[in-house]
Amino acid sequence: MSNKFIGQSIKRVEDKRFITGKGRYTDDIVLPGMLHAHFVRSPYAHARVVSIDMTEAKAMPGVIAIYTGDDVADINGVPCGWQVNFRNGETMREPKHPMLIPTGSTAKHAGDAVAIVIAETKAIATDAAESVMVEWDELPAVANPAEALKPGAPKVHEQFPDNTAFDWSLGNPIEEVDAAMAAAAHVTTLEFVNQRVVPNAMEPRAYIGAYDEMADKYTLYTSTQNPHLIRLLMCAFVLGIPEHKVRVVGPDVGGGFGSKIYHYTEEALVTWASKQIGQPVKWTSDRSEAFLLDAHGRDHVTKAEMGFDADGNVMGLRIKTVANMGAYLSTFAPAVPTYLHGTLLQGLYVTPKINIDMTCVFTHTVAVDAYRGAGRPEATYLLERLMDLAALEMGMDPAELRFKNFIPKFDGVNEPGYQTQVALQYDSGDYAPVLERGLEMLGYNDFRAAQQEAAKTNKLLGVGFSTYVEACGIAPSAVVGALGARAGLYESAQVRVQPTGKVSVFTGSHSHGQGHETTFVQVVADKLGIPMEDVELVHGDSDTVAFGMGTYGSRSLAVGGSAIMKSIDKVLEKGAKIAAHKLECAEGDLTYDEGKWTVKGTDKSIGFGDVALTAYVPHVYPAGLEPGLDFSSFYDPANFTYPFGCHIAVVEVDKETGKTTLKRMIAVDDVGNVINPMIVDGQIHGGLAQGIGQAMFEGTIYDENAQLTNGTYMDYCMPRADDLPLFETDRRTTPCPHNPLGVKGAGEAGAIGSTPAVVNAVIDALWSGGHQVKDILMPMTPERVWRAMNN
Amino acid sequence: MQVNLTVNGKVRQADLEDRTLLVDFLRDNLRLTGTHVGCDTSSCGSCTVHVDGVAVKSCTLLAAQADGCTVTTIEGLAQFNANGTIGQLHPLQEGFKECHGLQCGFCTPGMIMTAADLLSRQRNPSEHDIREALEGNICRCTGYHNIVKAIQWAADHTPAPLLADHHVWTNEPTTEPAAV
Amino acid sequence: MELTGSHTLDAPVSTIWTMLMDTDTLARVVPGVTRLEKTAENEYLAIAEIKLGPVSGAFTGTLSLSDIRENEGYTLHVKQNSKIGNADATVSIALKPLSDAQTEISFDGNARLSGLLARTGQRVISGVATTLTKQFFANVENELAADPTTHS
Amino acid sequence: MLADGGKALSGGHSLIPTMKLRLNAPDVLVDVGRLPELKGISVDGSELVIGAGVTHGAIAASDLVKKHLPMFATGASQIGDPSVRNRGTIGGSIAHADPSADWPAMIIAADATIVMQGPSGTRKVKAEQFFTGLFSTALHENELITQIRVPLHDGAKMTYQKFSQPASRYAIVGCAVVKSADGKLRVAFSGVSEAPFRDKKAEEQLSSGQPAEAAAGMSILSDHYASEEYRKHLANVYLNRALAAVA
C-alpha cells in the first residue's frame, strides 16, 4: 500500500460539474412525457376530513388525475425502522402513517396530505390543488411534548390516549443514582429545552416515479441519502412490489443532514401513480412544504442533575427527559433519543452512577428524526452545559473540572476499550490533549484578563467549553438488531477491475456533499498503487450497486470504506495467484507495492494492469482459478467508532441590546485517521455552523394550535456568512483500533460539540457582568439574552 | 408573451406564460439547470444569475422583466473553446475547487455568481466585505469558511482583463448642475 | 393573533347596541367583511375582500353571534376560509355605559390562523391586529357620524 | 391599467415574493422598471431628486448621494442583500410601505417629498404624511410614484441606525436622525410601529434638553424576534446611538 494520496488534501474530483452548473439533481431531470404532482395538504395541525370536492379541479385543462386516501387505501403506511419497547415490555406504539388521509380520518400535523393532483405542468397542478375543496372539522392540537403528557391534552392517536409512544431507561438502578446524588457535596441542576430545529438541506426533496410497462419495472429518482434502503422500505413495507422490479436512483443530492435518510410518503406515491397513469410523475417540494414535512431534529425537554464530591469529581448523573416524536414514527425516530442519545450520556468523564429516564411522546407536529448528530448533540449539550455551569457554581475552572474527570487514555489495542455505565464500550480515546490544544489556541490566561477588562464596558466577553465523545460509524448489525433496528447496518462494496487495469468501485454509501468520489478513490488508488485517474467511484443506483445502507451517522468511510478495503484485499489475493503463475514463483515469494507484484529479492515483477488483463484473457493461467477480477464484500463493523474533541467559543454580548457576536470558534477534533484533511476540515466547518445555528439562531415556533409560525427563510434564522467568524481548527489523531483504515468519522462532530460551547460562552459572559443566570433558551436571540440580564 | 434575451451569449426567444419567472425560463425552457431554486421567499440566493452584468435573484424576476437583457448563468461563466468545451474556468470556479468552497454543490452556482458581482465592484475585498456580500446566499454545508477563502483566492488570482469583462455596474445617469 | 381594545363612543349604550345588532351595520363595521347574508337566527354567510399590502384575496365564511346579552355585549365568531389559509376569530364584545351619552366599547379575543397565513404572517401579525382594531373603532365612529339620529 | 386590479411592478422585489406565495394575484402587472422618467439621480435647485425607479444599489453607489445625503448611501447599502439592492427600487419599496422597510424612516427624517403621477396630473406629499398605516400610503390606486425629492441639508449631520432581524434582514428598529446645521433634529423610525413615523415627541424632548423617550404613545409591533417591550427598549437604544452618531 502506498501513501501517495491518503492523508493529502486532494482537490475534489466531483467539483468540476458543480462549479460549472452541470450537477444533476433530481429536479434537473426531465423524462419524456413527465407529469407534475402537487399535494392538497391540511392547513390544520389536527382536523377531520369531512369531505373532499374535486369537481372544479378535475375539470381544469391539463389535470390528469387526482387521487385521495380512498384510492390508496390498499397501500401501507410508511414504516418505522426501529422498535423500542416500553420499560415494562409493552410493545412500542406504532400508528399507521398513511399515504393520504382518507375522508373521515384526521390529519395529524399541518401539511398532512389528503390528495395528490397530477397535471401536465407544475403550475396547473398547483392551481388545481388550490381548487380542491376540503371541508375540515378542526380539532384541538398540541405541539409541546411536555404538554402532550398532561391529563386532558389533545390526543394525537385515539388508541393511545396518553400520547406516549414508549418510555425507556438506561444506566444504573435509580436507587443507586439517588444515593450517589444524596452523598454529593454539590449538585448542579439544569432544566432546559433542546429545541426543535429544521434540517434545511438547500436542495428541497424531489422525486420522479417512472413505470416501464414493457419491462414491468419502476424507476424512482429520489433526493435520498440511501437509495437501497428506500427501495427496501418502499417495496417490502409500502407498495408490496418485488425489489428486482424497482430501481432507485439517488443522483446528485443537495445536502441531507439526516432529513433525506427517511422514506417519505411522496416517494411511494409518485412511484405508484406513474404506473396508474403510465407516465413519469415528478414532485418537487417547495421550501414552505419542506418546513412542514421534512423530519425535524432534537426537541427534548429535560431535567438533569449532576452530583460532585467536594473535590469536583463527578459522583452521579440523573436525567429525566421528554422527547417529541411528532405525529408519526419516522424511519429511525425511536433510536434517536434512546440508543443514539442515552448511550452517550457518560460523555468522556468517569461517572460512577448514571440513570436516564426517557419518555417519547406523540404531538401534532411533523415527525422528529435524526438531524446532524442525532441524539449525540442532545447528550453533549446536556453534559457540557452541566460541566460549565457546575464550574461556575463551585467556583472552579471549567477546563480544570474537565481534566479532573476525564477517562484516562486507552488505545483499544494495548489497553482495552472503555466500558461505560450506559452500555457502550468506547474503542479508543485520549481526551486531555484535545482540551490542552484548545486552551493553547485560545490563549486562556490572556483571555481571562481581557474578559475582566471587558466587564467594565458595554460589551461583555465570555468563553464556553465543550468536550465531547460521540458514537458513529454505525454499526454492528447484531448490536443494533438487539436494540430494535429492523435492518442491518453493514455496508457493501464491489471492486471491479477492468481488463485494462482500470478500476470501478461500487459502494452502497451515498455522497451528498461528503466528497466520496475523491476520498474513496484516494483510498483505492493508494491501496492498489495506481493513479487516482484509473479509479472510478459509482454510487447511488440500486441497479448498478449490489446493496447499500447509505450515508448517515458518519459511517461512509468507517463502514463503506472498510467494505471497499475488504474487496481490494480479495482482488490482491487473487491477483497474487495470477502474478505468481506468470512469474513462476510461489505466492509467498511476492510483495505488492506501487502497483506491481515483485519476487522478493529480485527485479522480476508484473504490473497490476498485466495481471488484470491476464485475468480476463486467461491463456496462461493458474489451473482451477476462475477468470475475471471482480469482488464484492460486505463489512459489518465490530463496534461503533468514537470520535471526540474539544470546542471552545468566545462571544461578545452587547449589554444594551443583548445581541451576541461569535468572536472565535475553536475546534480540536480527533476523528481517527484522516484520508483527506481538506474534506475533514470542511465537514467540521459545516457541522460547527449548524451547531452554532442551533445555539444562536434556529428553532421552530409553534402557536397554541400547533401551527409552525416561522416556516420560511424570512422567519427561520440560519447562520449567514456575516454571522460567523473564520473557524480555528486543529486535530489530534487516535486511530480506530477495529477498522482497517483506522478512521472514525467526521460528519457530525462539528454539530455535536459546538452548541453547548456557544451557550456556555454567553452564560460565562453574563456571569462576568454579575448576572448569575443558569440557562438561556436556545436560540439565544438578543431579546432572550437581554431579558436574562434584566429580569 | 414573447420574450427575447441573450443568455450566455446566445439569443433566445420564447413564448411564455406571463407569470413565468426568469429562473423557470432558464431551467425549464433552456434546460440551464445550474441555476437552482432553494426557497420561495427570495432569501437563499441559489438562483442568482447576472442580468445586464449585475447579480439578481432569478426567482424574483419575471422572465418578461429580463426581455431584451443579457443574462449570464453559471453555465456561461467559464471561457469556452471553439468546439464548446470548457477552455478556462473562471477564477471563482477555480477558487471554489482549490479551497473546497463547496460540498453538496447546490448553493454553489449562486454563491459564485454573487461573488462575481462583488469582484466586479471590488478588486480586493476584505473578509468582512466578502461576508457582507454573501448575506443573501445561504449555504448549509460549508459554514462559509471555505467559501470566503475561495473568493479571496479568486481575488488574488483574477487577471485584470477577465475582471474587466464582468465589470458592468449600473451606474445611474447622474447630473449635477455646474456650480451655482 | 390577540385582538383586544377599548374605545369610548359619544352615544348611549342602547344606540350602540342597536347598531351592533343590525346586519347591515355589522357588515360595515367588522373589518374586512363586505357583505353579510342571514342564514339563520344570528348566523350569517360572510363575504370578505382583504387587501392588506402584500396580501389580497377573497375570503368566504361565516359570522355568528352568541351569548347575546342586551345592551351588554355578545360573542362574535368569524370564520373565513381562503386558498392561502383560514382565519377563525372569536371575540367577545362588551358595552359599558359611562354616562347617558357615552359608552365604552371593548373587545377581547383571539384569531387563529392556519395554512400559509399562519406560516408566513407572523412578522406583521401584531400590526394587523392593531390595524384591524383601529379600523373597527373608526368604522363604528363613522356609523355614528353618518347617522345623526343615532345621537340622542 | 393600475386602477383596475393592476399593479405597478418596478424592481419587483416587494411584489413578486408575495405573488410567488400566492398571497396576491394581480390581473395585470405594469412593468414600470424601465421608464426613463423614473431613472436618474440629480440635483435640482436645493433638492436632490431620486427617480422612483432607481435601485437601492445605485443610490448606495452614487457619488451625488454620498456627497449630499450620506445617510441614504449607507442606509441603502443595509437594505436586503446585494442582489436585492441590484433590482429593488426606492419607489417600489416606498409604495409597498412595509412597516419594517428601511427607506421610510430615512425619507421622513430627511423631510423628503414624494412626487406622484396620476391621470389627473402630478401630486406631492411629504414623506411624513405619506405612510398612513400598515402597508398603506397616500398613493391612490391609479397613481405612480415618480420621484423622491430631498432637501440637500447642507451642513447637516445624518445617520440611519438599524437593528436587523437576522433571517429577513428587515429592520426590527430603524432609526434615522437628521441634525441640521442649526442643531434642529428630525427623528423617524421604521420597524417599530405598524407604519413608519416621525417621532415629534422625542424631537421636542430633545430640543428642550431632556432625555428623549422614543416612540412614546405609539402602538408598538411585536413578533417572534422582538416583543413590544423589547422593541421599545431597542428604539431607545437606537435613538441614543443615532444621536451619538450626529453629535
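Think of it as A, B, C and D in the order they're written, each chain with its own count starting at 1.
Everything that follows uses one rule, which is that a contact is a pair of C-beta atoms (placed from the backbone, for glycine too) under 8 Å apart; a residue touches a chain by one contact, two chains touch by 3 or more.
In UniProt terms the chains read A = Xanthine dehydrogenase family protein molybdopterin-binding subunit; B = (2Fe-2S)-binding protein; C = Carbon monoxide dehydrogenase subunit G.
What you see is a predicted model; the values in this text were computed from it and never measured.
Across the two candidate interfaces, B-D and C-D, the one carrying more C-beta contacts is B-D. Note: centroid distance chain B ((2Fe-2S)-binding protein) to chain D, computed from Cα atoms, is 28 Å. Averaged Cα coordinates give chain C a centre that lies 32 Å from the centre of chain D. If each chain is reduced to the centroid of its CA atoms, chain A and chain D end up 44 Å from each other. Between chain B ((2Fe-2S)-binding protein) and chain C, the centres computed from C-alpha atoms are 49 Å apart.
Counting partner chains per residue, chain C shows two or more touched chains at residues 83, 116, 120, 122-123. Touching two or more other chains at once are residues 130, 288, 701, 709-710, 712-715, 718, 720 of chain A. Residue positions 17, 21-22, 165, 167-168, 224 of chain D are each in touch with at least two other chains. Contact annotation for chain pairs lists A-B, A-C, A-D, B-D, C-D, with touch applied as defined.
Those residues of chain C lying in contact with chain A across their complex are 83, 85-86, 88, 112-116, 118-120, 122-123. Residues 130, 288, 656-657, 659, 697, 701, 709-710, 713-718, 720, 723, 781-783, 786-787 of chain A touch chain D in their complex. Remark: chain D residues 21-22, 163, 165-168, 224-227, 230, 233-234, 237 touch chain A in the complex.
Remark: chain D residues 9, 12-13, 16-17, 19-21, 29, 31, 33, 39-43, 51, 54-55, 57-59, 61-64, 80-84, 86-87, 167-169 touch chain B ((2Fe-2S)-binding protein) in the complex. Per the touch definition, chain C reaches chain D in the complex via residues 52-57, 83-84, 116, 120, 122-128, 130-131, 134.
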